[in-house]
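What follows are several structures.
Each of the next two complexes has chain A plus one more chain, namely chain B in the first and chain C in the second.
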Partner chain A sequence: MNITQINLTIAQMLDYTTPILFAALCGVLSENAGVVNIGLDGIMRFGAFFGLVGAFFSHSPWIGLLLGIAIGCLVGALHAFITIRWNGDQTVAGTAVNVIAVGLMTYLLEFVFSTTGYSPQLQNYFGAQAYRVHLPFLAKIPLLGAFSNLSFMIWLGFICTVLMHVLLYHTVLGLRIRTCGENPKAATTLGINVSRVRWFAVVAGAALAGVGGAALSISSFSGFSDSMPNGVGFIGLAAMIFGKWTPFGALGAALLFGTGQIVQSIIAVTGIAPKLAPGLTLILPYVLTLAVLAGFVGRSIAPAADGLPYYKEQR
Partner chain B sequence: MSESNFTTKFLKVFGIDNQGHNRRDPLNVWVPLISISLALVVGMIVIAASGRNPFRAYALLFGDSGLIPGGSAWRREFAELLIKSAMYIATGLSVALAFKGGLFNIGAEGQFWVGAIVATFFGYWAPVAHTFGTMYAALGSFGWIAQLLHGAICIIMGMLAGGAWAAVAGFLYVKRGVNIVIGTIMLNWIAWFLITSWLVTGPMTPPSQTFTSGSFYVTDTAKLLRIMMPTRLNTSILLVLLAAYATWFLLYKTTIGYEIRAIGYTANIGMETPRAQGINVSRRILQLMFFSGSLAALGGSFFILGLTYQFPNTATMGYGWTGIGIALIGQSEPLGVVLAGLFIGALRTGATSMQVANIPKTFSNIIEGVTVGFIALQVAVRYYLVKIIQHRHSRANPPADQEAAA
Partner chain C sequence: MKALEVRNISKMFPGNLANDNISFSVERGEIFAIVGENGAGKSTLMNIIYGIYTASGGDLLVNEKEVKIRSVEDAIKLRMGMVHQEFMLIPRFTVTQNIVIGDEPHKGIFFDYGRAVREVRELSERVSLTVNASALVGDLPVGVQQRVEILKVLRRGAEILIFDEPTAVLTPEETVDLFVTMRKLQAEGKTILFISHKLKEVMEIANRIAVLRRGKLQGIVNKKDTNEEELARMMVGRNVVLEIPKVDVEVGAVAFACHDLHVRNKRGYEAVKGMTFDVHGGEIVGIAGVQGNGQDELVNAMIGFSHPVSGSMELNGKNMRMVTTAQLRKEGMSYITEDRARRGLVMPYTVRENSVMGQHLGKPFSKGIRMDYDKVGEFAEGKVKEYDIRPGDVYDTAGSLSGGNQQKLILARELSLPHNFLIASQPTRGLDVGATEFVYRKLLEEKKAGKAILLISLELSEILGLSDRILVMFEGRIVGETTPDKATEEALGLLMLGVGIDKKVQS
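Let's turn to the complex of A and B:
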């Protein structure tokens, strides 16, 4: 395995990481404000399809990205309406989003493109050479060379992670968001409008999940397949927990799980342990997450008011 | 002022704030019915918005759902409806039972597939399959005894395995405090990838076949008996009705059931009361998860022993997720789950025919999902229902009476 191959593998791993990272960031923002969003797998499916539709008809992935963000906000607003306005059960609402996404995207795929299973392939997508971020000065350096020619979406993921960290830990809004997730009653006594903060966190988070979906269909791949996102949203959920509900933790976990996803192809290229069953590498994210939650590998604890509807003036 | 009194009275009568804990609440019946109706309307809007005829689509959907007798294909459709419903009712019961104990078992999906793979294994595994094969031959015209026994062993082993799989999540919850929703989601995917990417592509596949062929086929003695020739209808629907009755009996006629419900009532305020009563909460939660998982696994064994006879490579997830919807529509009562399961089974059966009108069969997912969405919104649905009732009441009785009553 030479330098070029290693660089290609790293680049491929980052490609797998990006959708997981966006899903995890959605979870981080929303759950730090106290709203569980199990529907992020469904939101990604929305984002993946609408991202493709935008990119396909406008011949520009930028429009696709915008449409992915828009649909993410819309579905997020639906989730917020059910869980914040009417204090509905957050897990039930998320399940509804997931089930609707399965049915509606297949329906729209048939309606828009008259195909089943796969959409037509895109020519202009973020994975295409014209849309990559070229950093030629990195190309000669081992390992860093992998970063010389990456999709725009991957860099966007890194930027969002940093922005999210700044937002949550270095701004007033971030402090308010975390207060709403830890102790909404205390937040209310300080004059914070809990439902408004939660609305912001859920809708902004869902926009990120929409971007994550678009990253699948217009960056990692050049089309939408009916099996998308194939559980990536749930890996994102796992990454969020494994990363202990923090942005950089989520990044680390997403990188680890992204590696887990392509271990299979690494094994195929290098010929290490050809007998290793693929199922055993695919379950890695979930087993690690359970281990962390159970406290076998450093304990991970959710925000105190995570998943609880907030009734103002309830004693 | 009198109006607010009136509202409180209604809220009290209908038990608005206790989220379905009052079993005698008439809104418990109205909320799912209204949610389904609204979802059907949303479905019509979706079809109409895409430029198709919603009435033709719904005529196909309900005409071929097996619900309406008559027509040449009705027997076949009715059989399909019952076969599908049996699996959905099983996962629905699984989720509903856990709900009664205050647990959200989102892992019915994983438990379903664990039950399926274990039932497959005992269906083809030579020592078992061979014994019953010889028994079948020896018994002659009483061969059905061997079939019953072999099927029963497959189902029971599947249920034990599914129950154990769910109990892992229960164990992590009571011993290590892992949230049951997260725990069961993770176990879902662990089960799914272990089965589809490892067992069914390696250890459980015939060596001569390619990796896309699925597992070994179960032997004839393991297959569920057919009860309505020439259709595929098998005993699964009878077994699942038995399971529904058993679930009802467990919940309302046994001490364990009473204790489970006591835990469920107090689940969101720390379960201190049942603990103070001397209920062993941890132990009951473990048992509850075991029962819940074994019900989902029952559905999994129906899938193998009644439909595919092997673990197919084309299996797709969805039975457990649908089970969540069914438990919610059925308001977690065994009878409600049976009715909701039959309805969803009918939708799924009819949706296959909608492909004639260029509507993919996953259309039924839209209706299911929207229904679940409205059930999540049940506080709003109840609020507006009470408003309507109140409005009609105040029109029937002039306001002066209200003033006097208040």
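Let's turn to the complex of A and C:
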């Protein structure tokens, strides 16, 4: 492989990484406040479809992105309403979101575009040359060259990681979010409104999952496919755990899983694939996920009150 | 001036009237104690005043003005502060973070950690409660965690302070320190509500004492006009024997023996550094010591939670060094723990299920893979009557019982298991006088029945009152052995602090 090929491969790896990263960041924010959101895979599906719809009808990926954020907030609010307002079981609520997302998007795809399987392709999407972030001065430098021509969404992912780190570890709100995730009762005794903080974390997190979905349909790809997000949300959850519920940890894990995806494509391209069973390379990233989960999860500790409903008068 | 007045406050929990029409007022600059049995409603009342619970009825007045306290924010605005019965700390955060959360020094939206650390250091110096501002709270002994809780309240400049059983986890020395702080606060004109089960403490620190019983205010007495016996009688509704009777029993054969036992703690640090002792049938051996001198690790090794690194351990003559808890229990060990929530009971399970745990396998409580809940129920009903576990419904969850009743449930289970060796680790922690008396009586009955008992306690009066022999533990070693008739609290206290021990023996 020459430099250009290597750069292209890295760029593609980052393309795979970004949706995983957004999903993981959604989990990091929500779970640091103590709310498990396994519905984020479903939220991504919402985001992917509505992102496409926005971009398709407005001919602008920016509108798609906004719509992705909006739908993420909306579904996140539903999750928050069930789990925080009514103390519903977080796993059940999240699963419901996932199930609804599968059926509803398939239906909407047909309803809006009268097609099945794939939406019409976009001309204007973040992956298109016109929408890329051009940094020509990097182009000639080996490895860094990969960053000279990336989709805006990839950069957004990096920016969100840094912002989330600052939020959680350097702001007053971040300290309070983590307090709610560690010991909501203690938070109450300190005069913190646990419900309000958790609402914020769940909705803002879900917005990121919506963006992650949009990153699939209007950045990595130029359209919505009915199989989206292909389990990326769950891989994101794994990345969150592997990254020990921290933003930079999540980024590292997402990069690892992104690499798994690219290895899979390399195997396919270089022609080793025919010798392997066709399905085998497809499951590579998932096997990697499982291996990582089995090997490392024992050593990372979730926020103490993660997943537990809380109401003020409980003992 | 009245700093706080409570008027006709009631609180109804589902099926349980926890506070029944309670009224009293507290003068500014007063230390006002509240006593009552486990489950009398003391914490409930405090939580209402502090805005965590909403009263079902009644009014609150602060500085003689009627106030509505709907949330903790409201209470904090009225300059109230509360040290809760359970720690409200986050082990993974630093001391500084724990102290400032909710009222953080900040620059814009950013948390100013540097300033927070400085503020905590200043405060800690000013009120002479020493803490390491940057230590992780989870690494600290409970006594220091308690200091963190107190600093948290002081930092907010509270005028009305509520202390809900702050001394339950403190050593006698730490309690003395706390009282010094409380008196200082009182001198500054702050008002303090203080809850404790230790009547001696109450008599020492309080100006007036309110007694609650089953949710009702029984009466308010001046410290000057009362004594421990009267308080105990008001709390429980009958005479309580605070003196522990002497029971003489013929000492039997050795039940438990260990030799040169070495045990590491979770971090791999050697916490028990060579202990040799034995416990005979019909005797109570008391282990006295300041918390954190290896008692927990010793117990863990004795119950099979961790294996000693070296030394021998025998139960009824059989080697027990590398065995499981199940094997130890089969050989006749029973264990009463102070940690009711994590070790003693499964809180979400019912009284019925908890009562047979550990003997649920095999006859009579199960057949093959099937539990025989009729038998379990019968057994539990019997125990509930025998031990007077209230409210008495075997379908209640263990978590819904008061501390005293939880402890009775543990006793009921552990003493009904076939055993000849009983480990009682701080068996009366957090218990009211009535429940404490009950535990003492049961332990003495055990002794009469010829069982061997190892009692580990931080309460010197308990050790002195119950034990036949006393071992003093300091930094993982036995530094002295004595009997209650020869020892005084003072002499024991000094030994426990390692005073007068030959340094050569130690190193």
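In this text, the second predicted complex is superposed on the first by the 284 of 315 C-alpha atoms of A that agree within 3 Å, B and C clash if a C-alpha of one lies under 4 Å from a C-alpha of the other, contacts with A are read in each partner's own complex, and residues count from 1 in each chain.
Note that a residue touches a chain if its C-beta (ideal position, glycine included) is under 8 Å from a C-beta of that chain, and two chains touch if they have at least 3 such contacts.
What you see is a predicted model; the values in this text were computed from it and never measured.
*Asks:* Between chain B (first) and chain C (second), which, if any, makes contact with A:93: first, second, both or neither?
*Replies:* Touch status of A:93: first partner only.
*Asks:* Tell me the contact category for A:129 with respect to chain B and chain C: first, second, both or neither.
*Replies:* Neither partner.
*Asks:* Between chain B and chain C, which one contacts more residues of chain A in the superposed model?
*Replies:* Of chain B and chain C, more residues of chain A lie in contact with B.
*Asks:* Contacts for A:173 in the overlay, against chain B (first) and chain C (second): which applies, first, second, both or neither?
*Replies:* Second partner only, chain C.
*Asks:* Mind working out whether A:2 is in touch with chain B, chain C, both or neither, as first, second, both or neither?
*Replies:* In the superposition, A:2 touches no partner, neither chain B nor chain C.
*Asks:* Could you look at A:231 and tell me whether it touches chain B, chain C, both or neither (first, second, both, neither)?
*Replies:* So A:231 only meets chain B here.
*Asks:* Scan A:103 for contacts with chain B and chain C and give back first, second, both or neither.
*Replies:* Only chain B is touched by A:103; chain C is not.
*Asks:* Across the two complexes, what residues of chain A are contacted by chain B and by chain C?
*Replies:* In the superposed arrangement, which is not itself an observed complex, chain A uses no residue for both chain B and chain C.
*Asks:* Show me the residue ranges of chain C that touch chain A in the complex, using the header's touch definition.
*Replies:* Listed in rising order, the residues of chain C that touch chain A are 50, 52-54, 71-73, 75-76, 82, 84, 88-93, 97, 101-104, 106, 109-111, 152, 399.
*Asks:* Using the touch definition up top, name the residues of chain A that touch chain C in the complex.
*Replies:* Residue list for chain A touching chain C: 170-176, 178-179, 182-183, 185-193, 304, 312-313, 315.
*Asks:* Residues of chain A touching chain B in their complex?
*Replies:* 36, 38, 78, 82-83, 85-89, 91-93, 95-104, 106-107, 109-111, 116, 231, 234, 237-238, 241, 277-280, 282-283, 286-287, 289-290, 293-295, 302, 307
*Asks:* Quick check on the complex: what are the chain B residues that touch chain A?
*Replies:* Its residues touching chain A are 46, 50, 104, 106, 172, 176, 178-179, 181-183, 185-187, 189-190, 193-199, 201-202, 318, 321-322, 324-325, 328, 358-360, 362-370, 372-373, 375-380.
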